[in-house]
Each structure stands twice: as C-alpha cells, then as structure tokens.
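So that you can tell them apart, the chains are marked A, B and C in the order they are listed, and the count of residues begins at 1 in each.
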Amino acid sequence: MQQLVNGHSLGSIYALLALGYTMVYGIIKLINFAHGDIYMLGAFWGYYVINQLHFNFWLALVSAMLFCALVGVVIEYLAYRPLRNSPRIAALITAIGVSFLLENGMAYMFSSNVRSFPQAMKVHQYHLGSISISNIQILILVVSIALMILLQLIVRRTKMGKAMRGVSVDPDAAQLIGINIDRTISFTFALGSAMAGAAGVMIGLYYNSIDPLMGMTPGIKAFVAAVLDGIGLILGAAIGGFVIGLLETTMQALGFSAFKDAAVYAVLIIILLIRPAGILGKKIKEKV
Amino acid sequence: MKKNLKYNLTWLAIMVVGYVVINLLEFVGVIDQFGENTMVLIGINIILATGLNLIIGFSGQFSLGHAGFMAIGAYVCALITSSISTPMGMAIGMIAGAAVSALVALIVGIPTLRLDGDYLAIATMGVAEIIRIILNNLKITNGPAGLYNIPLLATWPVVYLMVCVTTLIIVNFIHSRDGRAVMSVRENEIASESMGVNTTKWKVLAFVIGAATAAIGGALHANYIQTIAPTDFGIMESINILIIVVLGGIGSITGTFVAAAVLGLLDMILQNFGTLRMVLYSLALILLMVFKPSGLLGTWEFSVRNLFNRFTKSKQKGDA
Amino acid sequence: MLLEVEDLSVNYGVIQAVKGVSFKVNEGEIVSLIGANGAGKTTILKTISGLMKPSGGKIVYEGHEIQKQKSQKIVAGGISQVPEGRRIFAGLTVLENLQMGAFLRKDRDGLKKDYQEVFERFPVLRERKNQDAATLSGGEQQMLAMGRALTAKPKLLLMDEPSMGLAPIFINEIFDIIQAIKQQGTTVLLIEQNASKALAIADRGYVLATGNILMTGTGQELLANEDVQKAYLGG
C-alpha cells in the first residue's frame, strides 16, 4: 500500500513528462530527446528563484513553467524548425544533440555536482494506519492532476487546441483551413515544456536533489510511459506515467530495486514488440 | 572476385606501409608516447564507429545501443585476460567478446529490427541500458565498482591490426552481394522486399556484425584503459560514437576515419576544457544537422578501385 | 475578375512542374482545369492556396498579389480548398471537422446557420454528426470535405479531383452539388481527370499538359473539340 502512495507521486511526474513527449510526437512526429533536459532546467530554475529571489513554491512553479515554455519554443525554432522537411533521422540526431548540449552546457556553467533543492515548504507526514503520506506527495498528485485537466481543457476547448489536433492529423489539410502551422507547433512545445518545468520543480521538492544529468533517465522512462498506451494520446500518456511509477515502486518493494530501471526498459521493448499497432497507431509502410 | 582480391591486397599493402611509416616516425621521435596514446584512442573509436556506421549508414537502422555491445566485449575480454594475461588471452578474449556480443545482438535484433526508425532507436537504447544494469548487479563483473588491474594488452600494434581487420571485414561486407542487399534495404524497403530480398535477415546480419566490432572496440578499450565500470558504457558513450559517424557522414567509412581522427586530435587539444569540449561537440552536431545533414563527407569514399580506374584511364590517354 | 494567374511557374526541387501557366476565373463562374496525371494541376491549386511557393509569375486575387502570402492569410481572404484525397481529419467527429473548417471565422451566430445549411445540403452528414469522420464512406468523406470548405464561407472554392475514387452514383451527386454551390454565388475552380463531367458543368475550361496550357474555351467548345475528345474523353 505504501508503495502505491509513493508510486503515485513518481507516476504523476512521469505522466507530466510523458504528456510533452506525446504532444510533440503527435504534432511533428519527433521524439524530443531534449524533453527530459527541459525538466532539468525547470528544476534548476526552481532552485535559483527559491534560493536567490526567495520565491515561494507556487511562484517558483509558475515561473518555471513560463521559463521552460520559452526554452521549448526557442529550441523548436532554432533546432527543429529548419529540419522540418529533412529526413526524420536528421531531426532525431538534432534532438539528441540538443539534449547533449543542455546537459553539458548546464554542467559547464553550474558544475555537474549534485546540489540540494531548497525546502520551499515544511514537510508534514500524515499517517493513515500503516500508510504514511507527506504533504509534498499530496501536493504533487494534486498539482499534476490539475495540470492534466487544464491541458485536456486547452486541447479540447480552445482554438489553439483545435489547431493542434488538426495539425497532428494532417498538416496540409490544417493549413488549407487557415491554421498557422508554425504558431501551432510553437504552442505545442510551450505547453509540453511548461508541464516538464512543473515536473522539474516538484521533483526537486520531492527528492531534494538536482543535477544537470537528472533529466536523462526520467526522460527515457517518461517516453516509455508515452508509448505505453499509444503515443499521441494525451490520456494514454497520463495513465502510462502512473503505470511506470507504480511498476518502479513495486519492483523496489519486492526487493529488486537495482533492477527497477531494467524493468521499465524491458516493458518498453516488450510493448514495442507485441503491440506496435497500439503504439504507432496504424502500421503503415511509408510511401510505396 | 579476383578483382576484389587485387583491391584487398592493395589495401593490405597500404596498411603495412602505414604501419611501418608510423613506427618510423615514432622511432625518430616525431610521435611521442602522448601521440601514441592519441592514436590508440583514435583507433578504438574508428573500430566502434565503423561498426555503428555499418548499422546506421548501410542498413539504415538507427541504433542507440552501441555502448551496450561495447560493454559486453569489454567485460568478456577483461575477465578472460585477467586470468590469461598473454597476447593469446587477448585474442581469445576478443573473439569470445565478439561472439557473445554477436549472440546477444542476434537475440535482440531478430524481434526489434522490425521496428521503424525512432522506435528502433529507443528499443536499442533500452537494450543497452539493460545490459549496463545487469553488469552493474552481477558478482562476476564486480558491480558498480567495475573491473580494474586489467592487463595492458591492447598495445598500439594490436589496435592497429584490429582497425585493419575490422575495416577490411566491414568494407568487404558492404561490397559483397549481401552488402548490396543491405544497402537496398536502406534505399527502399518495400521495393527490395518485392524483389525478394529478405530485409529482416540482412538488417539482422548488419546489426550482428556491427555489434561484434563494437565488442572488439570494447575489448581493446578495456585492455588499454585497464579499468572499466558500467558507467563507462551509458547512453553518453553511444552518443559519442554516434557523433563520429554523423560528423564523418552516415554511410561513409572514409568519413568515419576522418571524423575519428579529427575528434581524437581535438580531444587531445581540448583535453583541459572538460565539459566545454562536450558543449562544443553537441553544438557542432546540431549545426551540422541543420546546415549539412549528410555529414562532412556525405557518402563519399576513398576507393582504391576508383584510383586504379583513373590511373588506367590516364595511362590509356598517355598511350594514345 | 476574381482570380488571375499570370505566367506561373512552380518547381519541385529541380523539376519544373508548372511552366508559365496563365488563366482567369471570373466571379460566379465554374472554371475547369483538365489534364492527365502529372500535368501540374494539383501543383497549381497548392500554389494558389499557399502550400507551395512559385518560382515565377503572379497570382492576383481581388486585385492583390497573393503568391507570397501565407496560407492562413489566403484562407482568411476567402479561398478555400477541397484537397485531393479529401484529407478529412480522422479521429475527429463529423461535426468537429465542420467546425475546423470555420477555424478562422469569428461570427458565432452566422456559423450555426451555416452548419444547418451544410447539413441540409448533405443530410447524411447530419445523421453521422457525432461519428468519427474516418468511419464515413469515400463519397461521404468527399461531402464532408466539401462541407468543411464551405463552412469557411469562401468566395472562391478550389476543388482538387472531387470525383476521384468514388462510385458513379456519388460522382453525379458531387457534380450536381458543385453546380448548386455556384448557384449560391460561390465561384469554383475545379480540377478533374474526369474531363467530360468537369467540362459539362463548366462555364469555361483550360486544358493542361506537362505544365503548359494547351487550349482554352467554354466548357461546351472544349467538349466539342476533336483533340480534346481524343486525348481526354476517350473519343
């Protein structure tokens, strides 16, 4: 039971990250390798504004989301947009390059040391029978779910959301009804990156430590979460995040904590193999 | 076939001459110990990157798991040479490492190579991470601490020899009938399938050969650096090898050689810059993709055959 | 004159797909461009809509040059396209597809009326309003694509091969609808391989081959022309 609680906090972080992967993949069919690093930037932003500017948690959260949204838009504009009509492998390599650049750039500027995240909030433990849950765990769950609902509303109800859906189904047809593709893609990156920024601040608060390479593993795991239920589906990504979080904490509870990451990758490979149809949507061979 | 033999012999001659020249330079003191170190590292990188180039460039399959196969070769060879610390042990170690790696690649490759580009990249990355995590938790591999005091058996002549051997194998594979089949896979999977080429078979073959050469590179790495740990073989290492391939041009073995040499020299020059070096490399990677996605040399190859042809042509002109 | 294309050239990489084509569309007309596969018809429409940029020439719409404008601006100016292969948004419902067509419109009240109009013209769409658009038959998808273009209230409707891949019964219906659209005051530029039907409803027509205009005339003149009959009407 305790693992279920812990799994949920971790799962909501993965879910927030997975949403970014899914939205970006849905709209430009690119696995944005740098997504995990945006989450890292969000955590560092939180670290600095809480330490230097004495922001409270909420202000740190919102400002990190804005900051990351901006970074996401800039990355798309500089690195991915010029390659939009190039082979997908070129875009994928660029994404790897961006990820590498962010990791090493941050390590260069701020050293690769692990630093402890400031306590922006006092920790309280609540005990319900044998289960204990902290206020931070509750906060993470509530904030994540609120953000996911917000995202769902944006995608379903707003004009930009409509444009996103249109572009992800058929970019040319979307242009023919007057959708501005560039702006829609920028908006998608902004949304996804904002979610990653929020996740970064919350993970800092939860684990208390951040470093420039912290985005790598969660990034990959969130990607697994995104493919779990078919990449491109928002609800699927959210559920996938929770499933991966639970899988990890369950492995830990069973005493296989050394293999928890391996389990996630194994799940990924098995899913890719047994139901690529669920993941790729339709299995279509490109261009005859 | 005979023609191929002629070209191969020419190459062999070039290689022998190259070896003699480098040794001479060393003898007269142009290349010092430091230079030799650099050359060994460049050689190892060439082996690793040509293998990856075979997978990415010639069969068009995007693999991000090269470091995993490198790790297998490194650990197998390190364990064997730790008990048989002779050149013979090194040879056994490399062969065993390559064999284990090829076997793993075969098991992993048959199912995963059906996947499309992006997904294959992620799957192979997952495989490499699983390999790393297993190494991190086994007793025989000494867990996260890794292995140390590995005998120094990967001397400069051994590395040079292995660069020649792996390159000859890969180049001949590319120019064989099988190799052309693999390239047809890259050009157009649907067309070559309808022409009766069993694409999965060739993809797996390229993948297995690439993995075996990665293992040899790993073995040399282990017996040169003398300590290895699971963290040496993470995704970063796969990406480092990828950078060499991309920089030189996906599909150009010549490009891989040039890129490995250039990066090796840069590494030497920039070694005091640490992280900044990686910042520059990643920037270079992005800029290259944005402005010249085919890499520095595209798919251009330095070819003895073309040189021969040009020579005979100019001779005919001279005769006329 | 609503649209005038002057000396338009378009390249795909090194291949010149359209080589100096000129034609006119007057307000209230149906103009058909006919020609074989690869004649450059689709390229012309894509260029008018702003999906492709010309290498030379002008496209003048309502007195303004639009060849450099972005597609969203061209759509906002009143040019809608029913693309080749219909290109409806799969995964969205029929109603959502129609709403997408009105993406740039701001008049909510007028919209409701227009959806009703579309549903009256295509009753089958009303029946399937909440169904995933991908579940529609080919003919129904074509109607949806037309409905989607019409909800943008275009002045000029570009249609790319609306009869392609449809059963004969649907083909007749589609051409009837095109005439009805014209009756209501929307100008139509139609591209077709089905030359006889396209010319039969056209006020004027142009014959296109390998990127050049070969012939022009009223729909009836072209239908009666021997060369056209031989080449495009199987006569």
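General remarks:
Everything below uses one rule, namely that a residue touches a chain if its C-beta (ideal position, glycine included) is under 8 Å from a C-beta of that chain, and two chains touch if they have at least 3 such contacts.
Everything numeric in this text was worked out from a predicted model, so none of it was measured.
Counting C-beta pairs in contact, the chain pair with the highest total is A-B.
Put simply, the chain nearest the middle, going by average C-alpha positions, is A. Each chain gets a centre from the mean of its Cα atoms; for chain A and chain C, those two points are 42 Å apart. Taking each chain's centre as the average of its CA atoms, chain B and chain C sit 54 Å apart. Rounded to a whole number, the gap between the C-alpha centres of chain A and chain B is 33 angstrom. Counting partners per residue, chain B has no residue that reaches two or more other chains. Chain contact summary for the complex, chain A toward chain C: residues 159, 162-163, 165-166, 169-170, 172-180.
For chain B in complex with chain A, the touching residues are 56, 62, 64, 111-112, 114-119, 121-123, 125-127, 129-130, 133-134, 136-137, 189-190, 235, 239, 242, 246, 250, 274-276, 278-279, 281-283, 285-286, 289-290, 293. Put simply, chain C touches chain A in their complex at residues 49-51, 70-72, 75-76, 80-81, 83, 87-92, 96, 99-101, 103-104, 148-149, 152. Remark: chain A residues 29, 31, 79, 82-83, 86-94, 96-98, 100-101, 104-105, 107-108, 112, 216, 220, 223, 227, 258-259, 261-262, 265-266, 268-269, 272-273, 276, 279-280, 285, 287-288 touch chain B in the complex.
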